[in-house]
Every structure is written in structure tokens, then in C-alpha cells.
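See structure below.
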Amino acid sequence: MLKQAITKIKNWFPAPKVSAHCDGPCGVYDPAAARITAEAVVSMTKKIMALEAPNPSDKAANIAYQNTLSRYIAIKEEQAQKTKDDLLILWTDYFKPVHLEKYPDLHDTFWKAAKLCSACKVEVSEEHANELMDAVQKIHQMFWATKDKDVTFYKAS
Amino acid sequence: MLKQAITKIKNWFPAPKVSAHCDGPCGVYDPAAARITAEAVVSMTKKIMALEAPNPSDKAANIAYQNTLSRYIAIKEEQAQKTKDDLLILWTDYFKPVHLEKYPDLHDTFWKAAKLCSACKVEVSEEHANELMDAVQKIHQMFWATKDKDVTFYKAS
Amino acid sequence: MLKQAITKIKNWFPAPKVSAHCDGPCGVYDPAAARITAEAVVSMTKKIMALEAPNPSDKAANIAYQNTLSRYIAIKEEQAQKTKDDLLILWTDYFKPVHLEKYPDLHDTFWKAAKLCSACKVEVSEEHANELMDAVQKIHQMFWATKDKDVTFYKAS
Amino acid sequence: MLKQAITKIKNWFPAPKVSAHCDGPCGVYDPAAARITAEAVVSMTKKIMALEAPNPSDKAANIAYQNTLSRYIAIKEEQAQKTKDDLLILWTDYFKPVHLEKYPDLHDTFWKAAKLCSACKVEVSEEHANELMDAVQKIHQMFWATKDKDVTFYKAS
Amino acid sequence: MLKQAITKIKNWFPAPKVSAHCDGPCGVYDPAAARITAEAVVSMTKKIMALEAPNPSDKAANIAYQNTLSRYIAIKEEQAQKTKDDLLILWTDYFKPVHLEKYPDLHDTFWKAAKLCSACKVEVSEEHANELMDAVQKIHQMFWATKDKDVTFYKAS
Amino acid sequence: MLKQAITKIKNWFPAPKVSAHCDGPCGVYDPAAARITAEAVVSMTKKIMALEAPNPSDKAANIAYQNTLSRYIAIKEEQAQKTKDDLLILWTDYFKPVHLEKYPDLHDTFWKAAKLCSACKVEVSEEHANELMDAVQKIHQMFWATKDKDVTFYKAS
């Protein structure tokens, strides 16, 4: 059935177009963009977990705490969304039917990774944040393998 | 293989979460958002095709023509992107492994629809714009079927 | 006085232009966009009211609670803003002096609806959220009446 | 009829809230924001009119011309939209029923100004751009009059 | 060394281009945009400090408090970011090597002002918010001095 | 004078805060984000130069050409802006007075790089696009040197 689906999509796109991260055929794709924002998700999740609520009677400390906590949650949200956006650009624009033949779990890999981005918003979960990082690394490997290029996966943090 | 993939993802998400079009669990999903913007893509594509370039010697008419053409292209781009975004929210957040069992072509349907959004940006193609409209209608049917709700598909234009 | 105003504006726009939700003349207007986001405002307002603060001593539960509450408030804000934007596009771009003659309370209807969007941000008020929903439904009726088209008002949630 | 409408809205908002340009009660409203962007609309409109198409055989000059023209049109679009957004924030959030009593043409003033913003996008019209500038100046006067503050209207360009 | 740097940059930009707040050569720059948003930062900071946490047992009051506090923090964030963006546009696009000769502390003035914008996000500090306001006023003076134009600095709030 | 400026800023920020690419203290900075978008600027610039205008009498070809050219210019604009944003985040948030002592040309490096981003929008210049790429590479070296980390500079395209 998967093979049929590939054939159907292949026929539908007789001449695959080269487009890119920017919705144009600039040809510049790099999972590093998703890696940077996924790192931020991991970092913010850890920092939220590490925050200590101050004594309720210390008004200034409580305001500072609320300001920090609110911002961390908002940044986690924003960075998880950017990760999702960047991953889906790879899935919808870079990967072609020919890649699906080579990686039959292509769709599931991206579905799972996208759902992990959402999970990292809904929860404050170090486990899911780390799984997202792993998913990004897996996609990094798949991506560069399709280009026969060896690019080291590193973390900025 | 597909069944294995479903089982794997099901295990990975033991308790599917209810989230929504707004990245929150508001429970409000409606393919009508994607339908409205897809209609705009069709409309702008037709209007671009229908534009007549003025006589090169009529400066004012040429400026007006360029202004109109530039805007139509930019609006087509923006509306195709919004269609893509709204469809992918359905795919990543609304549809769950249980739906994949019922609709084994779920991934291909969305992959194709997303690629059609990109094609409608890259080209000025009435054929692809209409195919996008059909893809949105197909997703409308799938979506409301999962909710056992009968919602008529209509066009605003 | 209202009649004078209409005449003045009519003269000012001798040949009303057909534009649309997308700032282009795509002709695609549909209050369904505002209805979807207004539903999200109602939904988030209810979910915020239903949240129960955990025991202050349970750190993990408190972090999860803060994450959820912060997100719900941010989503309510965003969806109320989108509702406002979509309603104002109808008011400024779709409705023309000829409609003002037929609906003398056109301006007040939209002013009130826009102010309700702001009220739904400033407060967590189920009453105002429901009033916003009613305002959107009223605008839905007015809108489709001007097109002599019968479109059923439904809710996705 | 206008009076009835005012009474109705007044009852609906028994205690008008003080909100602001930022969707929060910061109390900071200033039509100068709309004035700056309206000036940009006037400026871009003039510059588009002043552009001279190069000889069709000079490829480099034509590319530079297209790049400049495209950007000017896009900037005009963006600045007209910002002007519209900023004016509508004044209308929906700053102005209250009490102001409507004092300025019965409040709604029409803003409707006309918003429609002028759209006209400045759709056309390359120095006349409409100048009318938009006048509308912004009129709103500047109305606004500061409600605050009994004398603020000189100036242009940055 | 500063002089060398100026010469180097001057050579690099043989014919300085006139661009503007809108990334186009509209010629419309006005520090008033940054002043309006900086005023909002000051206002929101004060309002956050003035909020009183309600009795923990009053659920409705606590929800209203959290809604207000969350929004104030988000608005402070947004307005500080806009201030930063608007200031940096002046620094990168308006100010030219010739101005650096006249104002050798040009870079430090903007660096400090930009860092103050970030500080106003990270903290709830009336002191830093006021320093940001002062920095904006200093830039207002520098800016209008380069244009030999006398524009009064005023506050909308 | 530079030393004085450093001392002044150092005193002003007695305890430099660690913030990040996301306006939060996630600690994740990576010039790779600016490198990816700068590559897109280079790529789009080359592709614009390589486009051949079709025969004026071939309407369909001309529409396709205008669609492609418009999109390339818009993408170049967007990617140059993102490059500018990402570079300025490094300058305003990552780099601290202590780095200015080590790199006295820090301000000039970023000013020049930011002005190059603007130049790449205003023009279709392969020379300036390549200079932007060089500027990004220089900043990559400076950045990783401050972290005593050896990260290879590569291009995705």
C-alpha cells in the first residue's frame, strides 16, 4: 500500500521542484535551525523546573518570580512552535517521494516529532523535551544522508 | 508495516491529548479556516491570469498594473501559506493514531495537500489551485466523519 | 445626520471597490473565520474558570498548573485579537455605504463587537465571551443577508 | 437614533475601562504612531510615481528596477496596514461612548480613514495618500482635544 | 582607532544610501515610535508593581489577578521588544559614518539602550524602565540635531 | 575613549545577565541561524540575476516570470531581515563589555554586518551578498572564540 501511495504521489508530481526553507527554491535547507530552537525548549524546560517559588509574603520577590516564570513558559511555547515549523518545512518541501521509498518511516518520524513539539508546549516535561532533541538528531541524520554529506551534529549549549 | 507504525506511535502516546487549532486544548477545530484561504488562492490565481498588461508607453497604467500584480502574487503567497499552516495543525494536533487506522492514507493526504499549497505559491496554476480546493474538501469530509457530524461543505465566493 | 454621512462617504467613494478578507479583491469574505476564533475564546474562558489550583506544597503540580494557566490566557488573548481583526476587515473592507443605509446600526454593531473582543482579553468573563459569540452570529446574519445567501450558522465545538 | 445607540452602548459598558495602544491598560495612546506610517505611505507613493522604467535591453537595470518597485509596493502595503491597525486601536479601545456624544461623526471619521488605508494599498494614488494624511491629522486633533492637551502636529519627513 | 574604523566603513559605503524606518528609502524616521512603546514599558512596570495579590481562597479574584498579571508581563515584553526594534532601525539604517564622527558615543548609546530594553523584559524594574525612557530622550535629541530640526520631546501619558 | 566607554557600560551593568537568542536566559546562541538565512540571501540574489525575461508576447510565460521574480525578491527581503535580526540579538544580548575589550571592533563589525543586510535588500548585488556571508563567518569565529569552542563553519548549500 505504501508503494502504491508513493507511485501515486510520484505521478502527481512528475517533475519534483527544488524549493527550500524559505518557500523559495533557494536550496538552503539545514536542520540546524530546528536544532537551535529545540535546544531552547530543553533549556527553558529545565530552568522552569529549577525555579523556586519565593516566600508568599515577599511581594517584590513574587513579582520577579512571576515575571520570570511567565517569560520562560512563553519562550518555551515560541521555540517549540518554531521547531515544529522548521521540521514541517523539511517534511513538506524538502523531502520528496524518492526519499519516502528510502525512508518508509518518513511520515511517522515527522508526525511524531511534530506531536512532540506540541507536547513540549502543553507540558513542562524534561523527558519529552529530550525526546524532541533526539527526534531532531534523527532527522539531521536522515537529511544529510540524502545529500551524501557528512555534517557533525553538535549542540550550542 | 503501517500497522506496526500505528502501534509504535500509539504506545508512544498512551493517553492522547485533546488540543486544538490554537495550540491549546480549546477543542475548536474546523477545516473551514483552510477552506476560506484556499478559496482566496483560487480567486487570486484566476485574477492574475485575467490581468492584461497595458501599453508599455502608458506610464500610469503600467504602475497601476505592477501594483496590482505584485499585490495579487503576495496575497496568493500569504493565503497559500495560511492554508498550509491550518491543514498541518489538523494533521499534527487533531488527528490521532486511532484515526490513522481508519484512514491509512491520512499522511499521504496531508503531505499531498501541503505540497499543493507550495505548488500554488511557486506557480500561477489554476489546475493546482483547484486540486488544492479538492484536497481541502476531502479533508473536510474526513474530519467531520471522525466526529460523526454532518457539516455541509460550501464556498463563500 | 446619518443620511448625510452616508451621502458624504458615497460621494467620496464613487465606485466602491470589491476587496476581501485578504486585503485583495479576492472576493472571499466569510464570518466563519471570526466564528472559529470566537469559539476558542469561549472555550478557553471556560477552561480557565474550571482549573483548580493544586496544593501549594506540590511543586510539580504547581508548575504544570502555571504552565497551563499561562497558555490558556495567552491563547484567549490571541484568539480574541484574531476575532477582532477578522471582524474589522468585514467592517472596513466588505461593508459599503449602501449597506449602512440598510443597516443603520452597522457601525455600533461592529464597535460593540470589537469592544467585546477587548473585554474578553481584559477579563475572564464567560458572560462577555458568550456576548461576543452572539455578536459574531448577528454579523453572520447581516453578512449573508447582504449576499442573499442562506448559510447555516454552526459551531465546531 | 444616534443618541439611542450611544445610550445602548453606554448601558452595555457601565464602567468604561481604560485600555491602550497595546491592548493593556497602559494608558499610552498617541496618534503619532499612525502619523509616522501614513507619512511612509505618502512617501512611497511619490517614489513609485517618480520611478522611470529603464531601457528593456539593459538587463541589470531592469532587475534593479523590479527589485526597487517590488519593495516600494510591499512597503506601501505594510505601512498602510500599520496605519489602519493603529487607527482602529484608537477607535475600538480609546474612544468611548462619551466621546461619541461629543463627536457624532466619530464612526464615519474612522470608517473613512480605514477605507483610505485600503485605497492606498489597492492604488498608487497621491491624492488618496494625502487624504489619508489629512484624516490622520483630523484624528490627531480630535484625540488631543479629548485630553485637553495641546500637542503640535508635525511631520518627520 | 575610532577614526580608522570610521574611514574603513566610509570607504566601504562610498555613497551612503537614504533608507528609513520601513526598510525602504521613504525617508521617514522618527524616534517618537520608540518613545511611545518605551512609555508603555514604564507604565506596565508601574502597574505590575502596584498589583495586589488577592486572598488565596477567593478563586475568582485569583483568576482575574493571574489574567491581569500575565497580560501585563506579556505587554511589557512586547513593547520592550518594539522599542528595541525601532531603536536598532535608527542605528543600523539612519545613522551613517558621518554621524559617528560627530557622536563618537553613538554605538555605546545604542548598545546601552538595546541592553536596557532586554533588562526591562528580564526584570520588573522601574529604575531600568526610567533609564530606558532617558535613553530614548537622548536619542531623540541626537537624532533631531542631525537634522537641524527642533522637535519638542513630549510624553503621551 | 573606547576604554572609558567600556568602563562606563561595565559599571552600568555590574552583574551581566546571561540571556539568549530567544530573549530568555536559555543560553542557546548559535550564529548558524544567521548563516542559514545569509546563504538564502546569496542564493536568491544569484537566482534573480540568472532569470531570463520571456518574450513579451508570451502572456503565460510573462505571468510565470513575474510570479517567480516577485517571490525571489520577497524571499531575499525576508531572509536578509532575519539575518539582521539574528545578528543583532548576538550583539545586544550575547556580547558583553568584557568581549568589547577583547574585540574593540565589535561594534563596527556588527554595524557593518547590519548595514550589509539592508544593502542586500535595497540592491540585487552578488558582491554585497558575498560580503554579508563573510561578515557572518567572521562573527561565527569571534563568537565561538569567546566560548573556547571549535565549531567548523560550513554551508548547507
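Letters are used for the chains, namely A, B, C, D, E and F, taken in the order the chains are written, and counting of residues starts over at 1 for each.
In this text, a residue touches a chain if its C-beta (ideal position, glycine included) is under 8 Å from a C-beta of that chain, and two chains touch if they have at least 3 such contacts.
The structure displayed is predicted, hence computed values, not measured ones.
A.B. asks: What are the mutual neighbours of chain E and chain F in this structure?
C.D. replies: Output, common partners of chain E and chain F: A, D.
A.B. asks: Could you tell me which chain lies farthest from chain B when each chain's centre is the average position of its Cα atoms?
C.D. replies: Greatest centre separation from chain B goes to chain E.
A.B. asks: Looking at C-alpha means, what's the farthest chain from chain F?
C.D. replies: It is C whose centre lies farthest from that of chain F.
A.B. asks: What rotation angle, rounded to the nearest 5 degrees, superposes the C-alpha atoms of chain D onto those of its identical copy chain E?
C.D. replies: Angle of the fitting rotation, chain D to chain E: 180 degrees.
A.B. asks: Compute the distance, rounded to whole Å, between the mean C-alpha positions of chain B and chain C.
C.D. replies: 22
A.B. asks: If you average the Cα atoms of chain C and of chain D to get two centres, how far apart are those centres in Å?
C.D. replies: The computed centroid separation for chain C versus chain D comes out at 21 Å.
A.B. asks: Between chain B and chain D, what distance separates the C-alpha centroids? Give it in angstrom.
C.D. replies: 32
A.B. asks: Need the CA-centroid distance for the pair chain B / chain E, whole Å please.
C.D. replies: Centres of chain B and chain E (C-alpha means) sit 39 Å apart.
A.B. asks: At which residue positions does chain E touch at least two other chains?
C.D. replies: Answer for chain E, listing residues that touch two or more other chains: 23, 25, 70-71, 74, 77, 121-122.
A.B. asks: Pick one for the touching-chains graph, please: line, ring, star, complete, other.
C.D. replies: Graph shape, chains as nodes and touching pairs as edges: none of the named types, so other.
A.B. asks: Which chains are in touch, pair by pair?
C.D. replies: A-B, A-C, A-E, A-F, B-C, B-D, B-F, C-D, C-E, D-E, D-F, E-F
A.B. asks: Give every residue of chain D touching chain F within the complex, in rising order.
C.D. replies: 59, 62-64, 66-68, 70-71, 74
A.B. asks: Using the touch definition up top, name the residues of chain C that touch chain B in the complex.
C.D. replies: Answer in residue numbers: 20-30, 32-33, 36-37, 39-40, 43-44, 47, 71-72, 75, 78-79, 151-152, 154, 156-157.
A.B. asks: Quick check on the complex: what are the chain E residues that touch chain A?
C.D. replies: Touch list, chain E to chain A: 48-49, 51, 53, 69-70, 73-74, 77, 121-124.
A.B. asks: Spell out the residues on chain F that touch chain E in their complex, using ranges where they run on.
C.D. replies: Where chain F meets chain E, its residues are 1-2, 5, 8-9, 12-13, 17, 19, 23, 25, 77, 81, 84, 88, 91-93, 104-105, 107-108, 111-112, 114-115, 117-119, 121-122.
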